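Shared between the two complexes below is chain A, which has chain B as its partner in the first and chain C in the second.
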Partner chain A sequence: MLATEKVQPTRKLPWRTATVREIIEETPRVRSLSLDIPDWPGHRPGQHVDIRLTSDDGYQAQRSYSIASAPEAAELLVTVERIEEGEVSPYLSSEVIVGDKFELRGPIGGHFVWSAFMTEPLFLVAGGSGVAPLMAMLRHRAAAGNKNPALLVYSSRSFDDIIYRKELAALAARSDGLKVVHTLTRQQPAGWTGEKKRIDPEMLSRVGFSPKEQPRIFICGPTQLVESAARALIELGHDAGLIKTERFGPTGA
Partner chain B sequence: MSEPPVSRGFRGKQRSSDHAARTPPGQHLVNDFPVLSAGPTPRIDLVKWRFALTDGHNKFAEWDWEQFNALPQTKIKTDIHCVTTWSKLDTEWRGVTFDDLLAAAGLDEAPTPFALMHCYGGYTTNVPVEDMLEGKAMVATRFAGEELDPEHGGPARLVVPHLYFWKSAKWIQRIEFTETDTPGFWEELGYHIYGDPWREQRYAGD
Partner chain C sequence: MSEKPLPLDGNSAAGLLSELFAVEITGASITCDGCHHAAPIGAARLYGGRMGAVFRCAHCENVVVRLVRTPEGYWLEMKGARSLFVQARGD
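Right after this comes the complex of A and B.
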């Protein structure tokens, strides 16, 4: 976790007003918001934003969300999973309609980022909505025409819970070196021949890059998945310094 | 700046919290203990574990696990605040205060005004020495009466609860005294050099 570009903003990251331009229903529990943000300074794939909501009596609440869109895209996409006991996520995932406004600032974070200039294999491991920042990387990879080997191993509960399912299939069909491996851990559709266990050392060893290829590894998902996948990859011989993690705890909603 | 836009229909949940006075601006209370780390959790063999106080030239003291656990132990109950906006009240830690570490190293006072924490796995973070004196910081080995989990920084982590929790370095290996305030890992990546949650110093320039 040592080699990272340095970014030193010298002035305060301003709160900007984001306007919801489009709402994409990704799964029954997940939606993406396409946001118009005046003077957005741009971002790198993997970075996040802070979103702040204000009620009509001035009460405020803020949370962090990963950016799911490529830097090349015109509008910023955030993907939000509904967490019933949450405070901000139920609003963003159920209440918000096109035209609504809220505050946002960023981009934030400079460690969990990938650039299409990188030539080593890209090895992504996702659980649930943890796929969002990795999707920003894959969209950036496609937009930039990077054809180096890339792999996404993505764990979802069921087929209907796969976020970006059609777009991932389209990206994998480009024959540009990307492979997507889904595992469905709770429920599989009839005729499913893919993976159906939790991501484990055996799966990562069988479908993943060899440590000799020195892939750049990004893992994002619930803490337990991130911990076990990172540990498994180290045991398989991957360099801990090439593994970057982002954890979506049970809280943070 | 101008008034923030009202988020139509947003009510919020924690406005009536009994603990508002203990919740810094922009934070919300949680009951669980989220894990946030930039890389894999290091697995550290206690037989090989060492913890040291150093500066650019000297090693003032170094303890192995047994020696460290023989140092005076202090329990604290405190609130913690993560920059990702969660706060957790009344967390219980046990470990060795920074004051006791200095004393055990035979130092009447810290040799420099600043310190940089170095950790197993490569993480670093900077804290002014003054922010660790008089019981304000400890190297903790136990949380809520149990050994500290590796995910939460075990075997030992710094706890400086009055600053955002990224300052409370997990898997601490060495405190390096520095003449100047030297940015650590997140501080180099745009996070605030000091990180006071009550002044909402999340990012550089805040």
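Right after this comes the complex of A and C.
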């Protein structure tokens, strides 16, 4: 056994206390929490936070959540899907009330990030609550006045399950180069003329950017959706180095 | 549930990595010793648990990094990696 000196972990990323300021019901299964965090250092769109809960007996549970708000916004938003399993999500998605406090550290991650300084087309692919970090990018894009071509291809189960539906419609109506394509895979409202199949190579090649345009691609959602979309885009000729992925795991939560 | 756990992406472990590295390391490029493929740590396949994380090359599935957190400290094993490149910050 080697003799080692005790090394203190870097204190660059301290745990901070977040206070819930507002709870926004996004869909029947999804809510967003607006958080007040003293001395928040700011973030880049696509980054996440770790949230840690401690029970009375000292037991700790921790989970990562994408940041859904733009860096320009005053408060930090995280979007949480209601799931029965897990140690953190059931609390954040159901039990939490305004005024609750919990521990949070961040911002975290330097790979799955986008900045409005980037001028290449922005190609976003989302499944379910995987839209959250991509929404941070779109909110940032609008706040920064970036007018380069952007596309969100977003798969939801039904019309009522579309997270940020009204805000996405408003962003797409700004005529600033953003197009939003919804696909509703399980149930479509009467008169729906949009996409209704799972995101596949045919859809991505028909609605997406050409590989020649070298779009920056971000894919976020359940593991299967992310892997099939990434594979399809590589087969269509997109450079794997320009595709960044964030898998949420099998539940999509 | 399937028997083989589904991987996440390396960027999911950025919080754990930040406890150990003084720089944001998920953007750093790691070269696999098995296939010599170089990619950001954030793009590696991540198999994680409460105690630590296993990072596999997204190209050949070779284990490039193992990181285990114990109450006493951190174990980092990188024998499956040829090199780690951290870009100098322009400040």
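Some observations on this one:
Everything below uses one rule, namely that the second predicted complex is superposed on the first by the 238 of 253 C-alpha atoms of A that agree within 3 Å, B and C clash if a C-alpha of one lies under 4 Å from a C-alpha of the other, contacts with A are read in each partner's own complex, and residues count from 1 in each chain.
Here is the rule we use: contacts are C-beta pairs under 8 Å (C-beta built on N, C-alpha and C of every residue); 3 or more make two chains touch, one makes a residue touch a chain.
As the structure is a prediction and not an experimental result, all values here were calculated from the model.
Within the superposed three-chain model, A:D36 lies out of touch with both chain B and chain C [touch as defined at top].
When the two complexes are overlaid on their common chain A, residue A:T223 makes contact with chain B and with chain C alike. When the shared chain is aligned, chain B and chain C each come close enough to touch A:K244.
By the touch criterion defined above, A:D176 reaches neither chain B nor chain C. With both structures placed on the common chain, the touch criterion links A:F112 to chain B and to chain C. By the document's definition of touching, both partners, chain B and chain C, reach A:L13.
Judged by the number of chain A residues each one touches, B leads among chain B and chain C.
4, 6-7, 9-10, 12-13, 50, 64, 108-112, 223, 241, 244-245, 247, 249-250 are the residues of chain A that lie in the contact sets of both chain B and chain C, per the superposition on chain A.
Interface residues of chain A facing chain C in the complex, by the touch rule stated above, are 4, 6-7, 9-10, 12-13, 48, 50, 64, 105-106, 108-112, 223, 241, 244-250. Chain A meets chain B in the complex at residues 1-2, 4, 6-15, 17, 50, 52-56, 59-64, 87, 91, 95, 97, 100-103, 108-112, 223, 227, 230-231, 233-234, 240-241, 243-245, 247, 249-252. By the touch rule above, chain C contacts chain A in their complex via residues 1-2, 6-12, 14-15, 18-22, 24-27, 39-43, 73-74.
Residues of chain B that touch chain A in their complex: 1, 4-15, 26, 28, 30, 32, 34-43, 84-86, 121-123, 151, 185, 188-190, 202-206.
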